[in-house]
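Here chain A shows up in two complexes: once beside chain B, once beside chain C.
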Partner chain A sequence: MSDTETRPTRSRREERRLARQYARQQGAWYPRWFWPSFAAPAILWMVVFFAASFYVILSVAFGTEDFFRNPLPVFQPWWWDFGTLTEQLHKIFGGVYQTVYLRTFAYVAIASVLCLLIGYPIAYFVARYGGRRKALFLVLLIMPFWISYLMRMFAWSSLLEVDGYVNDLLTFLNVLSKPYGWLEGKGITVVLGLVYGYVPYLILPLYGQLDRIDTSLLEAGRDLGASPARTFWRVTLPLSKPGILAGLIIVTLPMFGDYYTNNLLSQSPRTTMIGNLIDFTYANTGLAAQGASLVLTVAVLLIVPMVWYLRYTAKAAEAK
Partner chain B sequence: MSTVARPAAPPAARPWGPIRWFKNPWRKPRVLESITWLYLAWSILPVTIAIAFSFNAGRSRSSWQGFSLRWWTQDPFDALFRSPILRAAIFQSFRLAVLTTLVAVPIGALFAIGLDRWRGRPATAANFSVLMAFVVPEIILGLALFLSFRNLIKFIPLGTVGQVIGLVTWQISYAVIIVRARMLSIGRDYEEAAMDLGASPTGAIRRVLLPLLTPALFASAAIVFADSIDDFVTVRYLSAGASSEPLSVKIYNSARASPTPAVNAAATFMLVSTFTVIALGFLAYRFATRGQRREGAVKEFVAY
Partner chain C sequence: MSQPREHLLRRRGPTSQLSRRQFLRASAGAALAVPTLSSILAACTKPGTEGTGGTGANGGAYPLARPDNPVTLPLHDDIPAIADNLPIEKGATLQIFNWVDYMWKKVISDFCEEFNVDYEWTTFNNMSEAIQKMNSGQVADVFFPTPDQMSKLTYGKLLQPLNHSYLPNLEANMWPTFQNPFYDQGWRYTVPYVTYSTGVAYRRDVVSDDEASAQGWDLIWNPTYKGKVGIYDDSRETLAMAMLRKGWTDLNTGDQGAIDQAEQDLAELVDLVDVRTTINGVYAKLPDGVYDVHQAWSGDIIGAQWYLNDLDTPGTTDVLGYWFPEDNQGPIFNDCITIPASAEHPVLAHAFLNFMLDEKHAFDNFTWNGYQPPLTSMDADALIQSNLGQYAPNTGPGSVPPSLPLAVVRKEMFAGGDFLFLGELSAEDEMKWQTAYQDFLAGA
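Then we have the complex of A and B:
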């Protein structure tokens, strides 16, 4: 105890030196570079392939083209030409891309709300009433993760054919009088495809959050006279808010870059999304600068939710 | 139970009915349960049907024409295991997945170990940038790397090398997340005990920490492998023509043309390989954590 009393008289530097000396005597001393050197390969990798790639995106977006319309990236920021980007921004605000951007926002909004409406009851049921079958439910809920997204969309594309089982069922039940052309560029098909594709990603973080709720809080709510509905509304729902937000973000992020759902279920310009515009620039020469600036607009759009999500998961990991 | 609800409902004056059943706070959550089962059926049934159609005798993917193995082995040109294109694609899929796992898991695991001990601003920044690759939409990363290999790091060829680099760049984060979680649950006690007993710091890592991390390494290897097989975005952007396209990209390309059930067979084959790898990973995980606290082995694995 006397040690704590003398401590303030030592400088922090001194203290660190003593700690190091003690640790060395115990054989547990690590040099300063020891732990960072473990992280070095990954950091190097990320700098070369992640950070640098984004710099290339900037250089291509603000660079020029050669005679054959191949991109000539400009790596010096002071020579950057913001022409393509302003051109793109004009296209987005009031130009040809405006409809695509608005459509993407609408699809993503509708699809993620539907994901939440479908996912919440399921996450809630498994978290609260899963009981001994929780592991089984979790395995079933996680199964779609190990089925390729491609396979899952592709499965629907044959079910939704004009002579497919969905039309067979709906005409048999007299919901439809004649088969519906689901795959002929219908917005509803794309939205349902997005919902089907991304619901599992929303359920799991939401489940994690709901599972962490202390049930004694719910009992307290009931003890104090709240009805089950009111307890849900005033206790469970507010406590699950971060999980809802995290789930919504984790489904909207990939939806903004999604081009494959659209390509597999519609292929029509009537349902084009931002991802399709980007994908189109990959497949066609002369559009690299355009693709790069589209990527930039999407990245700027998504940076806030991405950062929020990473901070949320970091906090959740510490809470565990 | 100490739960005291509001004053008991008025005595059973009204007859039993659906509304009273719904209002009973102690009833079983049948509605929620049926929603959950309906959802599970909805999520798995279409895939089951697609698997069944890989055994269709005719060319149709939407109407059943009898059972056969035509699209797996029998059709001389299009069957999955006969068509030279599809066979090459299968090998490419596995080549990419193996290479990616071999590169991404060690790099990610080392990073997670280092980051568990290395604190401070630079560490937070490094962690953040690695995890960023996890949330960036794949198309952005794919296109960025494509433009980078074309314009800046030109000595990296598109094709297998480029594809592996692309996959590793975002798969590192999976390994990091999994190994990190395990590091947190292990704590530092075992290592300190080892060093008290005379182990050197590196010896403690090698003899104590690594064996304890084995389950997490198995889990992340399985997940990285499965994800790399399934990927069709990054891999497509970084491929060098048809010869370096794995099975997933072949499926994507032909799904937009006029596909035969051979595509279903290919997708089924991918699914079976992914599930096998995940199951092997789970078994290895169980084996490596034997003797440790058992409850929730499934849950723990699933949490990854």
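Then we have the complex of A and C:
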């Protein structure tokens, strides 16, 4: 190596040394890897529990089975066999699973809208009128999380029995003329179960968003002559859109994979959701590749709203 | 009533309803269990082409046991039975691998007291999960498989052969059938645990015994009980029931036409009676009145009595009814106890098997579990409570409510090999049954 080649390097080093020295004097020097390293736990977590796990799902879906009909994942893509996935896709598009997929979409859509209709006023109330009791309201909102989802569903399965309190109340109020068989395989019960189970997840991000809205903007709206309704429609609602979307994403994604709500509140083939199909493959020998293929179809379906959400937030960030 | 609520989790059966109660654990388990170390190591060559799995799942590598085609399970040189007269391992912890709450803990405690050992209780929710865990290196001293897995388990080298010199109670106490069962000739690997039949449970305040006996399987297809009808969440049991209703008695068939017909008949139930698929419907929900009729294992309906209120009031159990074809044209079978090849305390495990084959302990377990051990000494008629007034739960004879005479399994039912049962299937046929049931579940 000649001097002419090494000199610039040396001088760059020199510059960095001086910069470090300066920064140290200012008391704010960190090595270059310092700040990025904070992302390491998250990256490690994602690699192990998402990327690697997802690759295993692929390997099971496109893999084979052993003597016991247990899944034998194939990790080399050149040996992957797409037969099972193709078979499942045929069942989904025009086959026996089509109804299940459409049903799941319908349940999730209705439940998400109901979650929003119920959750928005609550979040709005706490953010706007919570006042000094905001913390208390928040605790109350978080309280359902103290009890496991499963236990809450068990509670409902008892309340919704033919001679349960729900029927007692509704017949007393003359809403129903005779007790309704809520638990006898009714889609409406599954949807209400989903709403009940997931609505707190929607309220919290929505509250966060609403709470951040600058009240002076609302005052400005009123000052400029807008009615309360119009202010809400033109100011509050658009400003809370990111919260609505985040909340909807948070509730929609798990609803698509939900199977236990259905198991506890219906158990009828009439209300089978995608999650139930997957659950069956887990509980029965030799169906792991089928189950993994179904998981992939759900993952692909969910990527669409997710990508849309990411693009939306990216655009919103740019706009700022 | 000493401990009725313990029954909240008791069950037998090959599906995963209860794992859903513990779904977080189960889903975490699924995520972790799938990539086993051995399978990752096997990735050097294309999986499924070499090693233990070399024969492949569809190779038909193992024989399918039937009463007219009894199977002598293979012995392997590398998995010998233990030698005679070995001392029991000292200070050991017996590792039991069983269905969730399928055994009275008191009986196990009695064993531990007698042999001065501890025990560790590990459970599975279905055979699929159990075999997967065993194959992934789960260590256990005793394991409770269903006999329809026996060829697979022994050809796959997951069990060790038994040394009969430690198990005198089998010959002394158990029905002759189980001293040379068709699925394990010479009982090389298995001793029987409990027996059961599959019939229909009904509430006698809704259906009379005469009506039940006149309708038989049609109880399930009767729109009179709409909204109150349950079947087990199990592909084999449900499709087999639909076949029996139409008079098809080859319950281990691979006939696509018969399976499809059964699937259609099941699908009919969805609108006809608002059918629901459950695992705890019989023992937990029927006593509550959630169901009026439910496909039932005999042990479940016997266990259902613990879910009734006021059990000490005479006549309380009269509400429970059970129908099983008088001509024995319904599925019967048994579960087994085995010792895994991985057992760390095989001598202690033999002692445990012998203990469970003992009259007193087997009977104790029955009074909690509801599933009946095939004890020669157990006079089938004496099992039925003769006097409810003196009836005390969990103690002594008389544990079958008098309204359930057909829930008692009798040794004559197994005699002659002319009985119906759900046996091991080839992978190809198993898939046909599973696919048909999945189609039913989809509710399309």
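Operating definition for what follows: the second predicted complex is superposed on the first by the 252 of 320 C-alpha atoms of A that agree within 3 Å, B and C clash if a C-alpha of one lies under 4 Å from a C-alpha of the other, contacts with A are read in each partner's own complex, and residues count from 1 in each chain.
Definition applied: a residue touches a chain if its C-beta (ideal position, glycine included) is under 8 Å from a C-beta of that chain, and two chains touch if they have at least 3 such contacts.
Please read all numbers here as calculations on a predicted model, not as lab measurements.
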Worksheet item: Now for A:161: first (chain B), second (chain C), both, or neither, which partner does it touch?
Response: both
Discussion item. Once chain A of both complexes is superposed, is A:150 in touch with chain B (first), chain C (second), both, or neither?
Written reply: both
Discussion item. Taking the superposition on A as described, I'd like to know which of chain B and chain C A:260 touches: first, second, both or neither.
Written reply: both
Practice prompt. State whether A:80 touches chain B only (first), chain C only (second), both chains, or neither.
Written response: neither
Worksheet item: Regarding the shared-chain residue A:287, is it in contact with chain B (first), chain C (second), both, or neither?
Response: second
Item to complete: Check the residue A:71 against both partner chains and state whether it touches chain B (first), chain C (second), both, or neither.
Response: both
Item to complete: Based on the superposed arrangement, let me know which partner A:308 touches: chain B (first), chain C (second), both, or neither?
Response: neither
Worksheet, complete the sentence: Of the two partners chain B and chain C, more of chain A gets touched by chain B
Discussion item. Let me test your reading of the model: by the given contact rule, A:53 touches which partner, first (chain B), second (chain C), both or neither?
Written reply: both
Practice prompt. Report for A:137: first if it touches chain B alone, second if chain C alone, otherwise both or neither.
Written response: first
Worksheet item: Of the residues on chain A, which ones does chain B touch that chain C also touches?
Response: 53, 56-57, 59-60, 71, 73, 75, 148, 150, 161, 163, 259-260, 263-264, 267, 279, 282, 288
Worksheet, complete the sentence: Listed in rising order, chain A residues that touch chain C in their complex are 53, 56-57, 59-60, 63-76, 79, 96-100, 148, 150, 161, 163, 181, 183-185, 259-260, 263-264, 266-272, 276-277, 279-280, 282-288
Worksheet, complete the sentence: As the complex stands, chain C meets chain A at residues 15-17, 19-21, 23-24, 26, 30-31, 34-35, 39-40, 42-43, 46-48, 52-57, 61, 125-129, 131-132, 135, 152, 155-156, 227-228, 230, 233, 235, 267, 270-271, 274-278, 288-290, 427, 430-431, 434, 437-444
Fill in: chain A to chain B touching residues, read off their complex
26-30, 34-43, 45-46, 48-57, 59-60, 71, 73, 75, 118, 121-122, 124-126, 128-129, 134-135, 137-144, 146-152, 154-159, 161, 163-165, 196, 199-200, 208, 219, 222-223, 225, 227-228, 250, 253-254, 256-260, 263-264, 267, 275, 278-279, 281-282, 288, 291-292, 295, 298-299, 302, 306, 309-310, 313-314, 317, 320
Practice prompt. Provide the residue numbers of chain B that touch chain A in the complex, in ascending order.
Written response: 2-6, 25, 29, 32-33, 35-36, 39-40, 42-44, 46-47, 49-50, 53, 61-63, 107-108, 110-111, 113-115, 117-118, 122-123, 126-133, 135-141, 143-148, 150-153, 165, 168-169, 172, 176, 180-181, 184, 192, 195-196, 198-201, 226, 229-230, 232-233, 237, 248, 251-252, 255-256, 263-264, 267-268, 270-271, 274-275, 278, 296, 298-299, 302-303
